[in-house]
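Here come two complexes built around subunit A, the first alongside subunit B, the second alongside subunit C.
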Partner chain A sequence: MNLVLFSLCALHFLLNLISVSCERQDINALLYEKFDKAASCFRLLNGTHQFGCSSSVSGSLGVIHFIQNEHDIDWLINNAKAGPYMAVVPPKIFNQRNLMLELQSSKDISGILLAINGSSDRPEYFSPDDTCPNRYSGEGTCSEAWNPEGTSLLLVDWGKPMFVVKDPVVISKMHECFLKFNQPFDDSQIHKSLCSLQMKSHMHAAVDTPTCIRRSNSITFVFNPLSYCDGMGDKNIISTLEPIKKPDNRSILLFSTRLDTASMFDGVMLGAMSTMTGLVTFLATAKLLSSMLPANSSYERNVMFAMFNGEMYDYIGSGRTVYDITQNTFPKTSNPIGFEHIGLMVDVSQLSKSTQLYCHTKKMNNDVDLLTKDFCRSLETNAVKPVTVSTEVDEELPPSSVHPFLKKDKNIPAVVLANHAKQFINRYYNGLMDNASNIEYRYYNSSDIPEGSVQDALAKISTSLARSLYEWVTKKRYSGSEVVKPDIIDELLHCYLESRNCKIFKDANAPEEKLTADLTPLYVGVYKSVNPITKLTALTHVYFTGRDVNISESNCKSSVDDYSYYWISGQSGKGECKQTTVQLLKALSPAFEIDGYDWTSREYSTWSESVWQEMSLRMFLKPSGQQEMVTLIIGLVTLVLSFVTVYWLKSQAHLLFQIEVGVAC
Partner chain B sequence: MDISRMNNGSKLYLCKWYFRAGFACLPIVWLINSVWFFEEAFKKPPYEEQAQIKRYVTFSGIGAAIWIVGMAIWVYIFQTHRAEWGEFGDDLTFTIPTGIK
Partner chain C sequence: MTISEFVGCACIAYGPLLAMFVFTIMQDPIRIIILIAAAFFWLVSLLLSSVFWFILPLKNTLIFGVVMSVLFQEFFRYLIYRLLRKAEAGLKKVSVPDTNIEITNNKHVLAYVAGLGFGTMSGAFALVNVLADISGPATMGLKGSSSLFTIISAVLTSCFVLLHTFWGVIFFNAIDTHNHMQLAWVVGSHLLVSSVTLFNSRMLYFSSVIPAITVLVCSAYMAFMICGGSCRKCKVVCGRGGGGAQGDVTPSPSNSAT
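Right after this comes the complex of A and B.
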């Protein structure tokens, strides 16, 4: 008994010891306060320029200075003496392009930290994208300012590091340190130890995409395997209502949306209104349309569902598709389609709780006008109350996946559906605050969803859309009563905006698959690997549109003829086999594959992402110049003194250390 | 190798061969030759082979000096113009620096 007690005691003691030793006490941990939740801006390149941020190789250092207004920036750039400084700016300053460019061009500023003090720190607008997104890759001259409040900060080469911190605890730590050590803000700063930041986010790539691709492929790569950048891209998700037969001269409605968002900072991009609302509506519409049109009956027309990836970066996915169509390899080399098969293209762009839907068509003054207007009219008549549809005739269509198609063949009838007329309603386009609260979303978790909520609006828009697609395919009005339930929209938005570990993603995955509760960013990234969110979205699309087939798990795989087979959990969670036409197709710009491609031609996207090794943000106390000097001098004096002493001792050794010979021990 | 233990004939032979080897674009060999035999050529009391050794040492020294000056000029030009030369500059570079032009 005593022995047990003793061993318990010993164990307790040991545990105590471990818990104490877990806190790092070494010099490094005492000197630096590291912030893990900070996200860094990184470098992107296109055919002609570099954009974004990079620190020096060993990390950039600077004294913290919190900026509240223009005067602070003035002081920092013109009067401050203890530089270089790290400018800590709130979103309202970040929104002012001219002020940010002042900071960017000043040599006394070594880095910028965007401090978003919790979710309440939300300016009225915040969009770092261009006023006309994808300005240089669209069809036309981009004369409309679709995104009037866009600051275009995404397209600035900062030449210094930039981080964003959203955690109020971290910001208050920095602010405390700043107030304690850096006040008063005058010349006395030179003589003091100052609270400072180190930003490490060194980017390997430079100049432009052709340069860094060339460098990555250079001969010395064998001896010096350093990579510089990778082409951006991922996978497009493509499926058809019915498989394309050979020969198949049916007219196809290309129903599309985008799958990605853009962001300046690594790992923080949600794109609730910029992308999510359109994507969720698209998925729900495809689901409803598949159940409205019974399987295995032949229709006069076909629908192709396309979720294009990398669209925010000069239409990577749709540009690739256009290229593949010209190469006769889309969607399959065995049964390719041509542009002449595309009877109509309907793209779902930004939506919100607004039930006023705009059906954008392009002014063409020919037969194309009739086709597009016909569709808008059909959407108008099929609209489920309170959804109302207005036809908006534009000189140029809003930025969307239709552009690469129109660039190739301007007579493709194209329609873009959005919640806005000539200007975005979304004031946070591709911004950090384009989150659930931007679309006024809250998760109802199977409880009653009120009318007027975003879920309700998107469900009704989906229903209206599915009915007009039905009419286009069958040339008959839909007489059934199937609708998209707001619950599905609720669950989908929960999956995309709040937690991956959600009901629909679980049902759509293989039974043994485990999902984590975090969010996957929608930034397209580099082509090398498939994004988790692309896989999840493809599986959801399979779950929604695939047909149930009675096949066992072991036989439910790969593809046979026109179909692929997926084994997914299903609602029961036991697993079921789905037959589908869903394919994941390459969304990599052809610019990276065409030999001798002219990188300045603007024909295809040329974006690449720099390689980096480490991103870190830490705070420390930088001693004053005076103190550093004193330390150095003391060190040098000690060094010289030690040499003199040793020399003197050695020369006097025969006197100092007399060896007594002949003494017996 | 300790040349002080060699006979004069061997010294001349060695010095001559170091001088010849330097022509194979080996300026370091010339540099070593000029330093190593400097004492033999200029400090030692005269002996028969010394005149020849003196000549080899002098020319090795001059050769090495020309190389050093040439290299220094090239390094300066390369370092200051590499970025301007673009693709040609990258082709000449073994370790391309990260993050800069």
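Right after this comes the complex of A and C.
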């Protein structure tokens, strides 16, 4: 009986061992939980200050603490003992500037994690930008609070790292760990192992742009070829309806919009209402206008299409254009234009599904007033129902690309089109939640688009706008029936907000080009690298406004005289050659090129972005001091004991191991 | 931050090894050479067993790899035994004054040094990975793993270092005296201790540590007896020394020439 029992036990034991399968259990993976989808805040510099976040060189460490309300912050800053802490804040706390600044100034807080728990976790407003965006680079004093809910957190030097997590799975993992190890929240925390975070996002640059450039230039050794910061910027996309040749005064309409959004965190900005609605309307208007006006029509007046980049950072793109105009190199050194040639500047700013369009003009009390009011009136008469246009006369125009132009020559007639009057209706201006749901967009994928949707509204606004531009160029009303179809808007918004691997981008690229489905953020980045979205937008613009020419693929590449040629897939997918005036022009602030530029002058943008090497966020268990001490003491005792024992054995060996002579051993 | 945990674990795992090296190996160049040679043999056995693991099926059944690895180690222990016995004559000729007399006079010294060499290398492989990772800010226990993990790993490593030393002494003696029981003990207990460490993956730490320590004590006693020790001598020595000594019995056969 015993034998049976024993063999059963042995069998069980063996089975147990055999069933241990070989799976790689990395110690590192057991110690750390790494979160790849976390986006980090980074450091930006301007001519006088530094903004944003940076961790310490080896990464900042802190005990996780989830914050729900002010009391938690209070406890964390004044009573908590097991610090430093990582404060995990929901968007509603992040929205309260005073609370965030309290966290920022506390030495017990080593970092901040913004936890957005899925798409439903939306506060009523969320805008980290200034109440008057681009406050110091506009042409006026910025007396209007355009963005009343703006917290200006973009313009804070945090001095600690900050990450954002949007994945509910990641947040629940952290929360579980926090509840399991860190409770109860009192002094007993000191004696326990605590769930902690490590944030690594060390920034190389510091102080301000001129300091950083000076330091970068002083790196002379080859073995340290790293720069500390790079000037921000990208490319402007510029084209004209007809090539410019000896223009008359006030004969060019500069039709503009912006291409970028501001961003606090790396790689997560969509800017649906802040930027996308305007850009999409702009592209659709340009497309319609090009097809309304027959090729090579010799009107006196011309339209220049300009998509400016880096506008959220003190008008990098439009500031550069103004500088190029003063240098007589815009848009081409062979045929430059001057400020006097600009007859009207129309900027498309934020739009939405609201069909109430505001035509912002500036109060001038001179002839300029007439020109701008004329355009607004023309827009009113050309408005396609249900679009209604009201003229809004401002002391200062809303933040838009017209500012650098007006700063240089305040007599340029300028109009800004937007969905708002004195205050943005966008409550997520340059915020993380400014996504498809902010403009109530959903992709219809060529099924019927109902009236009242954002696609429908933007299509009608584009049509109205194209008609009034037509009227401005030809000086007569449009009698045709061409309109912008909501499908185009639907497809474009899908491309920009949901997937780059979309119909229009495919048609606009070369046939062999492969697109990935991910989204590219619209943050302008550094001048050194061209943002992929700029290239895609330029190609879309070529596809929409370029003229078909019968040229084979091999000859369709160079630029000749006034035109450049692009080989794109086209609707057929087989490839076609487009003749276009589209140019990609430098959008880098002249401040980085002018020798001895006064960085405090506020004339041009001075933003630069710090270089960083690694951004990572991981969770781990910080051992309690007690556990550390116990391990250390056991180790030291073992060491000492071994030495004593071995020494004793060796000294007594002649007695212990005494072997009688003759015994083989 | 847990540099203290790192130091603690390193001391537990390598403390006895370091002590033995300092007091019994360091003074004699020949011993160091033999130690390194033995360590190299262990390394080759690991290489071969991993090659076999890679070629043969059953990759995912860990016990298979363990058994094979143990058999390879014992085979290489036999090889180094053959090598050292062959080298003995040569060693006698290389006489550095006052140093390697014991090696030639006491066979157990060779066995002890070879065993320690095996232990050194296996100890290094067992824990260095873990040590490298725990020098960071984190400790074990985040994903349901036990906070005892590191300390248990260190204790087991220490056990294996000592076990290899004792096994070396027993094994060499077993072959010299054709004692099959001792040979079976070495191979059997090696298989047993290696197999029970598989329980660690289920966090049944004590079911691996307790057998390991039991086998360690038995092997230590056997090695002690083989080298000519006995309880009687022990009592005599303790009585003489005032009964101050305790702890694990480490055979350091030396100076037994009479």
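As a working rule, the second predicted complex is superposed on the first by the 594 of 665 C-alpha atoms of A that agree within 3 Å, B and C clash if a C-alpha of one lies under 4 Å from a C-alpha of the other, contacts with A are read in each partner's own complex, and residues count from 1 in each chain.
Note that in this section a residue touches a chain if its C-beta (ideal position, glycine included) is under 8 Å from a C-beta of that chain, and two chains touch if they have at least 3 such contacts.
What you see is a predicted model; the values in this text were computed from it and never measured.
A.B. asks: Which holds for A:Lys514: it touches subunit B only (first), subunit C only (second), both, or neither?
C.D. replies: neither
A.B. asks: Mind working out whether A:Ser54 is in touch with subunit B, subunit C, both or neither, as first, second, both or neither?
C.D. replies: First partner only, subunit B.
A.B. asks: So in the superposed three-chain picture, is A:Lys107 touching just subunit B, just subunit C, both, or none of them (first/second/both/neither)?
C.D. replies: neither
A.B. asks: For A:Lys476, is the partner it touches subunit B (first), subunit C (second), both, or none of the two (neither)?
C.D. replies: It touches nothing on subunit B or subunit C.
A.B. asks: Which holds for A:Tyr228: it touches subunit B only (first), subunit C only (second), both, or neither?
C.D. replies: The answer is first: A:Tyr228 touches subunit B but not subunit C.
A.B. asks: Which partner does A:Lys385 contact after superposing on A: first (subunit B), second (subunit C), both, neither?
C.D. replies: Neither subunit B nor subunit C is touched by A:Lys385.
A.B. asks: On subunit A, which partner touches more residues: subunit B or subunit C?
C.D. replies: C
A.B. asks: Let me test your reading of the model: by the given contact rule, A:Ser218 touches which partner, first (subunit B), second (subunit C), both or neither?
C.D. replies: Once the two structures are laid over each other on A, A:Ser218 reaches subunit B alone.
A.B. asks: Check the residue A:His71 against both partner chains and state whether it touches subunit B (first), subunit C (second), both, or neither.
C.D. replies: neither
A.B. asks: Could you tell me which stretches of subunit A are touched by subunit B in one complex and by subunit C in the other?
C.D. replies: none
A.B. asks: Could you pull out which subunit A residues touch subunit B in their complex?
C.D. replies: 43, 54, 57, 202-207, 211, 214-215, 218, 220, 223-224, 226, 228, 610
A.B. asks: Quick check on the complex: what are the subunit B residues that touch subunit A?
C.D. replies: For subunit B paired with subunit A, touching residues are 86-87, 90-91, 93-96, 98-101.
A.B. asks: Please give the residue numbers of subunit A that touch subunit C in the complex, ascending.
C.D. replies: Per the touch definition, subunit A meets subunit C at residues 16-18, 20-22, 25, 27-28, 30-33, 61, 177, 193, 195-196, 198, 619-623, 627-636, 638-639, 641-650, 652-659, 661, 663-665.
A.B. asks: Subunit A touches which residues of subunit C in the complex?
C.D. replies: For this pair, the touching residues of subunit C are 1-2, 4-5, 7-12, 15-16, 18-20, 22-24, 59-63, 65, 106-108, 129-130, 133-134, 136-143, 145, 147, 149-151, 154, 158, 173, 176-177, 195, 198-199, 201-202, 226-229, 233-234, 236-237, 240-241, 245-256, 258.
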